[in-house]
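This report concerns only the one structure given below.
When the chains are written out, they are named A, B and C in that same order, and each has its own residue count from 1.
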Amino acid sequence: MNGDKDTIVHIDNVTKRFGDIVAVDRLDMKIMAGEFVTFLGPSGCGKSTTLRMLGGFETPDEGRIVLDGVDVTRQPPNRRNVNMVFQDYALFPHMTVGQNVAFGLELKGKSRPEIERRTDELLDFLQLSGFRDRTPDQLSGGQRQRVALARALAPDPKLLLLDEPLGALDAKLRGQVQIELKDIQKRTGKTFFFVTHDQEEALTMSDRIVVMNSGKVEQSGTPEDLYFRPASRFVAEFIGETNLIEGKVRGRDKGAIVIDWNGVDVRGAAHDHQPSEGDHVTASLRLENVICHPKKPASRTAIEGRVVSRLFKGSRTSLDIRIGEQEDAVIRAYMDAGNATQIADDLLWISWEAERLAVLRD
Amino acid sequence: MTRHTRILMSVIYWAFVIYLFVPLALMVTMGFKDSKFIGFPIRAWTVDWYAAVLQDTQVMSVFGYSMAIAIATTLLSLIIGTWMAAFLGPNKFRGKAILFALACLPAVIPGIISAIALRIFARLIELEPGMLAVILGHTVHNVPFVALVVMARLSTQPKSHIEAARDLGADSIVAFFRVTLPYLKPALVGAGIFCMLLSFDDFVRAFFLGGYQPTLPVLIFAKLRSGMSPEINAISTIVLIMTAILGLWAERSMRRLNKGSPQ
Amino acid sequence: MTFWGALLQNGTYQAVSGALFKTQRRQFVILASLPLFWIVFANLGPIVEMFWIGFLDSYPPKVGYEPQFTLANWAAFFQDRVFIVPFFRTLAFSVIFTAITLLITYPVAYFLAKHVKRKNQLLFLLLLLIPFWVGEIVRTYAIMILLGNNGAVNLVLKSLGLIDRPIPFMYTGFSLGVGIIYLTALYMLLPLYSALEKIPNNYLEAAADLGAGAWTRFRRVTLPLSREGIASGCTLVFLISTGYYATPVLLGGPRSTVFAETIAGFFHVAGDQWPMGAAFSSIMLITTLAVTGLFLKLMGRGGKGMMR
């Protein structure tokens, strides 16, 4: 029933409703042991509800949650071998750092010497040894976050849940903690289930990102997959900045899909579905995948355009380029600031690898 | 605000302070008067009345009786009041507003009516007037105060604290004792001392629910009815000092409520 | 193993805890059990029983006599001036004392909330709190010493040559008023203070900026915004002051008998006439709650009118 033996969690067709609102809609997903999975999405998309169902704080209305081959759907949080790092860390204010970390071990019925040993080990691992006797209010934000992590890791959970644990940190610290967190995950070999609304965080740390929207999975894949080969308009727009191109499929040319975009033929590729001729489609093209040529290139697929506005952004310049005569047929692209000055009369040619223009399913 | 009104208001404030303190100061002073007759002028001073009170076995036993009632009342009120707060505070359900109003009822019913109702009720449940009846009466009166203070504190506890405890292996009971109760501690100390004061100072319930053994306020009342005497002043002064100390302690621990919010 | 670890790993405990908290609903029922029992048993029980006894012709039960249902206890109240006069006197006294308390404590609370520096506020407030921790009887006694014929006030007046013979303050409505206000002022002061303290100072500055004078600012800004404090302070003081028994006995006289003394008489002095005492208590409870309910309703509506 639990499929391949590397599956640590199976979210089996789970639905959760709050009144009339469907928070999670028939979610079906497997998480592999040792994986860093991030659930990404706007607030209210169902990612936190999924996390809370894994932790045992919500019970699914339909479906099952299988943890390491055992159905835990109706088990309370204290009976699951899953631990959580809370958004506000939820460190117990009346206990010292050491007592916080030892808490889970103590309740598991471990002997005193074992509690001591494991607490020391974790404090050492997270560079908190000097803070053992401090209370949480004597720590900085980053230190608190590490204590919360140590406390959650102490009982040696099968799955570690992290509920936007970097939200309370300032921007500068966040980047550093992202690297630390990824490093800790690698060194412990634990399965991390990370929830965030911050796309940058997700791209930096994850082995796999699951983008959720209105209770459903929009796309699941590696960070590169999601960024360069978005499957849906939502994913393309939620992660990074992109050009959306709408048109009719005209046919195929050497494996590329040719789309008629305001009378201009553009080439793209579809990744998880195959549109047929005559379909109306939307495609995504990342700004950095557009190649700008100040002089007309040899390539026959290059398209002529006119710069309608430019924004100087330091090392590079972002250009809005109009194709043909239509007002809204505009592509945004990046260009080296130096090269941008070589454009004469605002006239230039753009091209891209057909692979980079991802035809979306909606 | 003009300067005149500012000055006027400060005068009113200090006049009010004098109004509050002068009667008590007079009462304390009169306890040192070397005469059985209460009133001015005072010509000679003595501490004999205090010595007499401390040697008076009746006063001392009444004192102990009142203390015992106050302690029992406080423990009961804390348990029931905290449970009440845990029920009425975080949960949402239909009819909560009505239950909340009913829970607070004993705190606002005029004292005499509350005492009479409890006297009749004690007869119904066949509770003889005496210590247990007084403890019941005081507990009924005090539970709403405990519940309100604890509820206020409980509302500031992040939900995630309990969830974290559950996540780390605690069931509801252990999570309450290990995480919620320590969080409530300052509120419980404050509410507890307040309960002690309410119980120790209460007259009307102790008067109607008590048996032959009086509590301290009932004893003072009985002595007053048969005439004022410096002995009463000495007893009252001792009570006053004790309550002031208890009150200051309660105030100190309640003040930590405002500071001691987590993280 | 620690105590809590051992407890949680204990098989029997696990079974019991697992059964108790199996579902959210069951957990809620357990949590609700004691509070619901307490509310019904301790808060409602005595009141309901009191009402019920008011309808019986004899209580406590005598051997060989079955108490009969009667309305006589309730009717008796309206038939005798001995009952009605103290009743309305109590209501009138309480209203007057409440009003005076409000007038005295409002400036005190305002001074505390708006003129005392924030870090000193607690100290100033504490100074007022200390006397209120002292019990009813002791404070009543203190007022007796203050107002007696040989009391401090008369001593001062005499030594100033203003009077020859002491003024008999004691055993009058006046001495009762001084005592009751002394006992209840805090219940007015605290709600007023917390309401006034919440008013941001920049509201008053904004009003001043728009050209409002001191009186207008008070009437149009401060007063409406402290309405809630006034309402709860007055409610508390009214309800509490009607309930005093020892203070009227000690400070009042034959011409200031209050209803609490009338009621107590049925239980102590005039033999045991519990049913009548119960009926009268019920009448008083209904009246006081009705008066405060009406008052709170008026405050709610009147306040909105003031804001316009």
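FYI, contacts are C-beta pairs under 8 Å (C-beta built on N, C-alpha and C of every residue); 3 or more make two chains touch, one makes a residue touch a chain.
Bear in mind the structure is a predicted one, so any value in this text is a computation, not a measurement.
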item	value
Highest-count interface - the chain pair sharing the most C-beta contacts	B-C
Furthest chain, CA centroid comparison against chain B	A
Distance from chain C to chain A - Cα centre to Cα centre, in angstrom	60
Whole-Å separation of chain centres (CA-atom averages), chain A against chain B	57
Separation of chain B from chain C, taking each centre as the mean of its C-alpha atoms, in whole Å	15
Where chain A touches two or more other chains at once, by residue number	76, 78, 107-108
Sites on chain C at which at least two other chains make contact	4, 8, 21
Per-residue overlap in chain B, given as positions that touch at least 2 other chains	169-171, 174, 178
Residue ranges of chain C in contact with chain B within the complex	4, 7-8, 17, 21, 27-28, 31-32, 34-36, 38-39, 42-47, 49-50, 53, 59-60, 104-105, 107-108, 110-112, 114-115, 122, 124, 126-131, 133-139, 141-146, 148-152, 155, 182, 185, 214, 235-236, 239-240, 242-246, 249-250, 260, 263-264, 267, 274, 277-278, 281, 284-285, 288
Chain A to chain B touching residues, read off their complex	55-57, 76-78, 82-84, 86-94, 103-104, 107-108, 136-137, 144, 151-152, 155
Interfacial residue positions of chain C with respect to chain A in the complex	1-2, 4-6, 8-9, 21
Chain B - residues contacting chain A, complex	158, 160-161, 163-171, 174, 178-179, 182-183, 185, 260, 262-263
Footprint of chain C on chain B - complex, ascending	1-2, 5-6, 8-10, 12-13, 16-17, 19-24, 26-27, 30, 37-41, 80, 83-84, 86-88, 91, 93, 99, 102-103, 105-106, 108-121, 123-124, 136, 139-140, 143, 169-174, 177-178, 197, 200-204, 207-208, 217, 220-221, 224-225, 228, 232-233, 236, 239-240, 243-244, 246-248, 251, 255
